[in-house]
Amino acid sequence: MLIVMEANATAEQVAAVVRRIESVGFRGHPMPGATRTAIGITGNQGPVEAGVFEGLSGIAELVPISKPYKLVSLEVKLEKSVIHVGDAEIGGKELAVIAGPCAVESREQTFAIAEAVARGGARFFRGGAFKPRTSPYAFQGLGEEGLKILADVRDRFGLRIVTEAVDQESLELVERYGDVIQIGARNMQNFSLLKFAGQARKPVLLKRGMSATLEELLMAAEYILSEGNYNVILCERGVRTFAQHTRNTLDLSIVPAIQRLSHLPIIVDPSHGTGKRHKVLPMARASVAVGADGLIVEVHNHPERALSDGPQSLTLELYAQMMQEVAAIRGLVGPSKILHVA
Amino acid sequence: MLIVMEANATAEQVAAVVRRIESVGFRGHPMPGATRTAIGITGNQGPVEAGVFEGLSGIAELVPISKPYKLVSLEVKLEKSVIHVGDAEIGGKELAVIAGPCAVESREQTFAIAEAVARGGARFFRGGAFKPRTSPYAFQGLGEEGLKILADVRDRFGLRIVTEAVDQESLELVERYGDVIQIGARNMQNFSLLKFAGQARKPVLLKRGMSATLEELLMAAEYILSEGNYNVILCERGVRTFAQHTRNTLDLSIVPAIQRLSHLPIIVDPSHGTGKRHKVLPMARASVAVGADGLIVEVHNHPERALSDGPQSLTLELYAQMMQEVAAIRGLVGPSKILHVA
Amino acid sequence: MLIVMEANATAEQVAAVVRRIESVGFRGHPMPGATRTAIGITGNQGPVEAGVFEGLSGIAELVPISKPYKLVSLEVKLEKSVIHVGDAEIGGKELAVIAGPCAVESREQTFAIAEAVARGGARFFRGGAFKPRTSPYAFQGLGEEGLKILADVRDRFGLRIVTEAVDQESLELVERYGDVIQIGARNMQNFSLLKFAGQARKPVLLKRGMSATLEELLMAAEYILSEGNYNVILCERGVRTFAQHTRNTLDLSIVPAIQRLSHLPIIVDPSHGTGKRHKVLPMARASVAVGADGLIVEVHNHPERALSDGPQSLTLELYAQMMQEVAAIRGLVGPSKILHVA
Amino acid sequence: MLIVMEANATAEQVAAVVRRIESVGFRGHPMPGATRTAIGITGNQGPVEAGVFEGLSGIAELVPISKPYKLVSLEVKLEKSVIHVGDAEIGGKELAVIAGPCAVESREQTFAIAEAVARGGARFFRGGAFKPRTSPYAFQGLGEEGLKILADVRDRFGLRIVTEAVDQESLELVERYGDVIQIGARNMQNFSLLKFAGQARKPVLLKRGMSATLEELLMAAEYILSEGNYNVILCERGVRTFAQHTRNTLDLSIVPAIQRLSHLPIIVDPSHGTGKRHKVLPMARASVAVGADGLIVEVHNHPERALSDGPQSLTLELYAQMMQEVAAIRGLVGPSKILHVA
């Protein structure tokens, strides 16, 4: 159920509706748009009685929601969400590029890469301090020490920090030191973690699970929004198939599919999506051409010595080349839009 | 690296080796076998110097480990692990059957089903109090109240309780009230949760992720063992494929594949593995015929009214029929064995 | 559209209905059952006017068909089809076992294996004379010379010959020399070949394609039946997934799924379905336990020297063991049935 | 085994080497390059004795082939193959676009679409006269009558005709009336058909099978080249996965993967690759951005009335828009190249 307010409804009228929703035990989520505010309701089982809203002013109409997800849906908000991170943004006019190493390995390595990342024009820096690794015996990240290095990168280069949280404890640290909280593919349906992310005050980058359907991805995002955090960026990073020439199969066609259903921005990770350096540039170009709002790529000053994901990391030279190529394509394609083709 | 002790090595000799391993910063894991004890080492990067063990007695040989996993491997322990849960067991002579509803919905429902489950001959009862649901708006389980109902089921019917934990908090509760801690498919690579499970003093039932490879499943188990909890039961529950006639594609051939690589018991979930009631009985028979150590199945007294997974739940009648059929097949096939066919 | 005849309708009444169907440009397919004959209609676009059948006697009712497939459906024939091949059968009381080498390599090899196959109790012999190989440079089979060897095997050991056809020319040869025409997985949607097989007078063994859905498999069979050849046996042989521990992922749950939709028998190929010798026995047992009508397995007297598929071929000893194990399980499970569980 | 000729080797020297190869029972395939000719050998089992070539002049070196495929490999020919079709080409400077309806339905429909296709700038026209359909009861194409309509389209609009063959008989007709012989995904491993295509004197467009690996695709092409037809164009058209938002999952990253291994051109089919109109334009842009040599797309003047594939057919307006967008991107990306990134 969705409550569409009149175009000239006041903040007080919106607040009154939210209070009424809460008075019957549910939660109201005001979603301001360019011409009107809509209020999503969560917590209800089945439809809400229209009578509940009697006597309130400023309401234009009550609209039933046809999809299993609500707050992420175009039904609730018909304009693209733009996620502001400091002076940078994701989902807006600019192509958002997040670049950096798989893992923060040391201050020297991180600063060397960050310098090149900033020079190349990306506004966001990636780098893991908490690494989910298949093996318990593999390098698990520097933890809080890594986060401090990342915070210093922000101070020094003005880059916004995107870094992964893997549980409640690391999420609190990432929220403190970083700018965007990344939830990795393996945790896309770690619903407990999603709820904590929904209570955080920083935007969340949510990566698609290895075999997640489009609907499962949107429902995972819905977990975050339903807790009150509306700043979610989706990320396609490849799915698991029989194909052996590639680490994962990058499913670029989910980008236009999402843009017909949701207002959330969506970016693409061609590094994990392919696992091979020679594919990263071509697939980065394709990602921008298909209409993605941004890219997240792995860059390393010495890929052959990287503690993780070396074979898929761009060298600094290839990164610089990529930035030029994708800027040119973005110039042609323009910012992403909500799709209305039948 | 693995240290094989002599057949007549004393407990004190084993303890001395473990202390030596700890003295150089690693962790030693004694794995007693029928004829000898082996000691796995974790925490090391690369091989351990043989010189470290100089002067210790009772050591037969030092063996390098050829696989990325160690403690779950047949290289460390060449006999099937039998997990004891009260007077019941998994991985031993008996076929272990875990049956019950998807979710604990109420005391009445739970007791009605438990009565039939016990009568049919299963020794374990399943039922979720913390439900990982795709939608944030779906029934999420009764929480601690559900666990109390399950504890009462144990007292009343003598059934051992298998129930899912989804984060650190619920894991502590499950450890307190239940007998076996279930880690669900969506959390198979929630490494933070796996580490907590590795510190618990109850056995862990680890379900294969929806697109997990055999190696990833074993590595996830290795996370648990590496923290000191050696009582892990693996569970095949179907993987995600293009096939549409089934909810998941049950990959029974992973059972003999595991039995050539690991000493851990493996059971099968034909309910989630197929998602359709008419397939559960045939696939339960097939699971036992292939050599699985047990089954976990969903049973409901009113499947049409179940709050979750109704279409795949057996009626009480079908459950009783299944128990007879699988007992007969188990009688032919015998307990599972480690496989040595080339 | 389906015409159900009265229980006591005469052959002449059935023939009159078929002639009437042909007179309006369609084709009638009488499908005799235990208590009544049904007549399927093909060639029509959309429903057939009931008026067409005015004045004909012996018709009980006209029934619309709800599925995209017709002649393979339980709607047309509610009893299991039993395919008779000489004195042997597939789909009847007996478990049908088809065993032999991947390819006919020489008379000596073929006879040595056939002797063991017959001794072990199988009634059917497999062996390829026309081999579809991924590489143009791999052994492609002995062709007609191989078929002659197979015909001699039939004469000598009384085994029925199942062998693959790959195009019109080889299909004519296989029809002449063999007893059952095999259509391989790669040709499951070679519709031209399916039509030729539909015109052959020998039964057809149709293997599921590597990524075929259940509906596509049934539609491929429908191609054969629609040409007038009703003797089709379906075969599950594994599908392609991300799983790496196995050559293909054997999807045993398609067996009960087929048994709820079609009267055609279905057998399982655990050799191609797994690609590894150590999995063949367990999966053969599982196939029988799930309710399959038979097995097709690769057996070789010298697997290590086989020109193809050596790693998945059973030795003669393992074959003999398999025959005993599956006979015992079949004794418990009984002949396959049409499934009526909701 | 590969024989690399000296840069100034004469045609007679090349012919002498081929004759020598034939004299020992094999087949020689001269592959002329910009600076030298290489001669591939097929028909041999294992390496060819170097002594065979004693006394011949013009040979620079003998090179062993490291891959299971030979003639399609960059080892044999290190320059991109350009396939000439009349005055048009595939694999050269121009982006090759093949557009038209799924099936030739009538002269009027075909001409109306062809007129728009030519006006939009595509040089190739597609349209099926022989349709491989999942159901035997679906429209199977107009056959030779359809091919005659296509030949008239060529005469009238100067478009080159790309149309599918499904067996030997239709292949002979397609070779007579058309310009490029299409082998569909379902026939990618119909090796009998591939051999006939290898003997045809027209180029072959080979579509990737629904679950074919990169190596299987190259081996299928090798079947065609090994018969003497070196004019093969590969086509990515989506693979089958669990993803439900799309008909197939378009695997664009196979384009750069092919370009590191093979000299053959590769194009992309975003229509079958997605199955949904709203995805075709974005994915067409992405295909060109990733470096494909061309596109094959479905266009219909009345998609809502199309006899097949209506939901994925572009309208004439969307087709015109696509042509502009992909031309702009091609202008940036340039013609495809062989990839040398590590």
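Chains here go by letter, A, B, C and D, matching the order in which they are written, and residues are numbered from 1 within each.
One rule holds in what follows: a residue touches a chain if its C-beta (ideal position, glycine included) is under 8 Å from a C-beta of that chain, and two chains touch if they have at least 3 such contacts.
What you are looking at is a predicted structure, and each value in this text was computed from that prediction instead of being measured.
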| item | value |
| --- | --- |
| Contact-richer chain pair [A-D vs B-D] | A-D |
| Equivalent of A-B within the choices C-D, A-C or B-C, defined by over half of its residue contact pairs recurring | C-D |
| Separation of mean Cα positions, subunit D and subunit B [Å, integer] | 50 |
| Distance between chain centroids, defined by C-alpha means - subunit A, subunit D (Å) | 38 |
| Sites on subunit C at which at least two other chains make contact | 211, 215, 240-242 |
| Complex contact set, residues of subunit A against subunit C | 240-242 |
| Touch list for subunit A against partner subunit D, complex | 211, 213-215, 239, 241-246, 249-257, 260, 273-274, 276-279, 281-283, 285-291, 318, 325, 328-329, 332-333, 339, 341-342 |
| Contact set on subunit C toward subunit D in their complex | 42-43, 45, 68-70, 132-137, 166-168, 170, 186-187, 189-193, 195, 210-211, 215-216, 219, 222-223, 226, 240 |
